[in-house]
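Presented sequentially are two complexes of chain A, the first with chain B as partner and the second with chain C.
Moving on, here comes the complex of A and B:
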């Protein structure tokens, strides 16, 4: 009875270092719950740290059936050596079917090492997860060949099936304060010596409104042609109560900060409205915005691939269209 | 095989007992009219504070104080209750030594209550004592209450 609760299940690694990483974990719990239902398994969230009570409660409120918790002062800092040792020990003992983590900076460092330790494969930066009907295997969709193609990967011969998943791909379940779950505290065992010494921590600069939370996102691409024109997107976003995103070429051009990058190597957004100006529709970009409820494309090239995924397309030069749009909105605000 | 301990957890409020989270627990028999008991009742969503009922005795089995849902009902030991502040509730012995400390920490979406005490039953046996950040419980106990005691028993704790 106890063994079945942990083994053969779907595990999500809890990364709670800040708001952003915690949201990724909650998104994965929601998706893991969906997969667990399809496979008739349990969804288990794994959390390590010194004081993890509040995160365990949060994961139960967001859909985890079971929380596996490891509390030890030696786990207070996210350290790849210690976390790999503990999680590898638990995975070898309890044998989950699937192991997921957010493709955060820590997930990207931690999971490849863990996969090597467990002699299994890892699909990195997945943008979709599904179950193969006939086999029950996890189909891990991940960009490949520089993002030009989406590869569907399965891991039939080794367990667990491991994947890191891009933040913002899935929607978290609503917080349910009346939820109950199970919490399990396995013994942690000896921790390895930490070979990396953290000298200092510097908080990342963030905006007041997070791009990932914006209901309206105005995104610009290199097709805008100039930094000045790109700058008009900020006013457009302000008038609509939203925020500004950018494609990789626009970031490379120095028109926007790296933190505004959308897509495969940047942020995934799911706004109610996305206005995309001067973007061609490269897969690296569209994987990050495909969750938008309504997409409006503005591009002077009527054959731009982006029009294929847009709900509404406006063929026109941004130099002409943007001032007209801003004038119209200013009169309404 | 790795050993592990298991408990039920509430998304809203838990107590820390025997180093695990639990929505509620009882030690001894909360229905008893004279003997020791300690009931940390389940807190439902929306309630901001834990509900503690207890009959507390000294280490010779002599009654000191009775609590019913956080309120002092009988106080033969002349115990002193300090006004609750900042999620902390404290009951002192007449001598001024701490008898029972209940500390509730609030998180973004829930609460965790930590209890500190050294409590004995009518036979002078140790039944609860603080150990690290947790309270450790000995003897007859129900370590998982998933419904409020009053709704799952024929009678509420004695008042």
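Moving on, here comes the complex of A and C:
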């Protein structure tokens, strides 16, 4: 029988402002629980806000053994200064072994500051987490050079071992309404003054939702030949619940905005599925997309280098294949 | 307004080689450039200087070769450049890097109103250094900024964060990390680089100048260690299908079903 211990455990920061942040938290609870089993520790979710009970319940239903919660009107806004103060205090009191957060915008702004205050190591945007057999250390695999290299990082002599983790890498556990766990509310302590005052916040327009977060990305290259054909990618993306990316020549041709550029000088995406049409597969482009789980390529040249990294390659002319594909999909979704 | 911009030299090409014994990147023979977002930070600093007066000082921690990056920044228009270099600074993680940079900023007189960093680099890409400098200096931070306006003793800045567009007001002194969309990057004026090499000085500070101890910096002062570098498993090429368009579309639809992106077609058993 495992003791219910707060100290020496694995902590996951509960990030919940929107659907996407909530999902990565649930993914981390699942992964953290796996690591916790291996290390014979407990998985603890920690959540801050003005009213967090519903999130705490959700985290228990998704596998957290314990939720450490802090409720205070002063914690309503996601503020790096206040969150760092509270979490640093609790980490010093309860001494977790491992502390994880999603590599969301907030996670990547908050965790470096927290790690510095705790004088410990942090790895960024990890794509794998494993326990090293002989040492019990957390091996944090982080991409660098735009995904060209993977570095295995450890924090041998400092605690907690901290990492932010790329969304969508791990699978969340199913919601279990019968799950049992405890929720505790430790003392929050004094909060620092707010130095970064929010004047206005609006949700992003759907068109500026981060391409990096899309589960499906449909990308087009100069091989599409015309703005009209390129435009069909938007419908394809809509039908599949995804977003559109482009190669540099396609951006230069004026078929897509600069924000949609993928690759070395543009964005890195790691969606579940990437469909790339009329792109040759230049290295400067493929560095930005090779993190995709599945890559489907459509190109009329059977020798296009891109086929070498595609999971499914279709040798065909986009002019005929795209309209046919759209027809078939419109009937199905 | 007194502004410090932190810049890092990064390899220009993705032809990265590594030193497997020391687990570090071999930088010799690889052309280096200023990290693209640091260029944007520099442009933003120059623009603020134009409106508000003051000085722009650039600092980098790196091997002596990084002086080139500082010269380039001087050529673009920075007023002062400081190279933080010492054999013991090598192998630093972000904890140790931010410590050296923060210590150097404390030594700069007068203490800056604004510190600018890139949101992240194109090489190790952690995005930690900005917030960690802010923490050590006890300053507020805003990350991922793509618009800056001055309002007296405050800055009003805009950034995208997790699906929200935030406009925030921050007190000075402060640290911002900047991202794309902030400033267009201008070309170097003709002859400016040569001039920067011959006329302007680059200050050089080492561990002793910064009153630092060996165990606080570089590899010794780091909490993380890179155990192993590897390349991602090569993506083997999968099935390549040739045939008429309807056959190709059929293959694609079946793959979408297998990935649960599309529901299985009912009629099909």
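Convention: the second predicted complex is superposed on the first by the 200 of 333 C-alpha atoms of A that agree within 3 Å, B and C clash if a C-alpha of one lies under 4 Å from a C-alpha of the other, contacts with A are read in each partner's own complex, and residues count from 1 in each chain.
As a working rule, a residue touches a chain if its C-beta (ideal position, glycine included) is under 8 Å from a C-beta of that chain, and two chains touch if they have at least 3 such contacts.
For clarity, every value in this text was computed on a predicted model and none was experimentally measured.
J.: Quick check for you: in the superposed arrangement, does A:151 touch first (chain B), second (chain C), both or neither?
T.: second
J.: What is the contact status of A:109 with respect to chain B (first) and chain C (second): first, second, both, or neither?
T.: In the superposition, A:109 touches chain C alone.
J.: Looking at A:191, would you say it contacts chain B, chain C, both, or neither? Reply first, second, both or neither.
T.: So A:191 meets neither chain B nor chain C here.
J.: Answer with first, second, both or neither: which of chain B and chain C does A:58 touch in the superposed model?
T.: It touches chain B, and chain C stays clear.
J.: Could you tell me if A:131 is touching chain B, chain C, both of them or neither one (first, second, both, neither)?
T.: neither
J.: Touch check for A:39: first (chain B), second (chain C), both, or neither?
T.: neither
J.: After lining up the shared chain so the two structures overlap, which partner does A:177 touch, if you call chain B first and chain C second: first, second, both or neither?
T.: first
J.: Under the definition above, what is the set of chain B residues touching chain A in their complex?
T.: 1-12, 14, 16, 19-21, 23, 44-46, 107-110, 112, 146
J.: Per the contact definition, I'd like the list of chain A residues that touch chain B in the complex.
T.: By the definition above, chain A touches chain B via 2, 5, 53-54, 56-58, 60-61, 67, 89-90, 93-94, 175-187, 189.
J.: Which bits of chain C are touching chain A when the two form their complex?
T.: 11, 14, 16, 18, 36, 93-95, 98, 122-132, 134-136, 140-144, 156, 160-171, 174, 222-232, 235, 237-243, 245-246, 248-249, 251-253, 255-256, 259, 261-263, 265
J.: Per the contact definition, I'd like the list of chain A residues that touch chain C in the complex.
T.: Touching chain C from chain A are residues 17-18, 20-21, 80-81, 84, 104-106, 108-110, 112-113, 115-117, 119-125, 139, 142-158, 195-204, 208-210, 216, 240-241, 264-265, 272-273, 275, 283-284, 287, 290-291, 294-296, 298, 302, 307-317, 320-321, 324-325, 328-329, 332-333.
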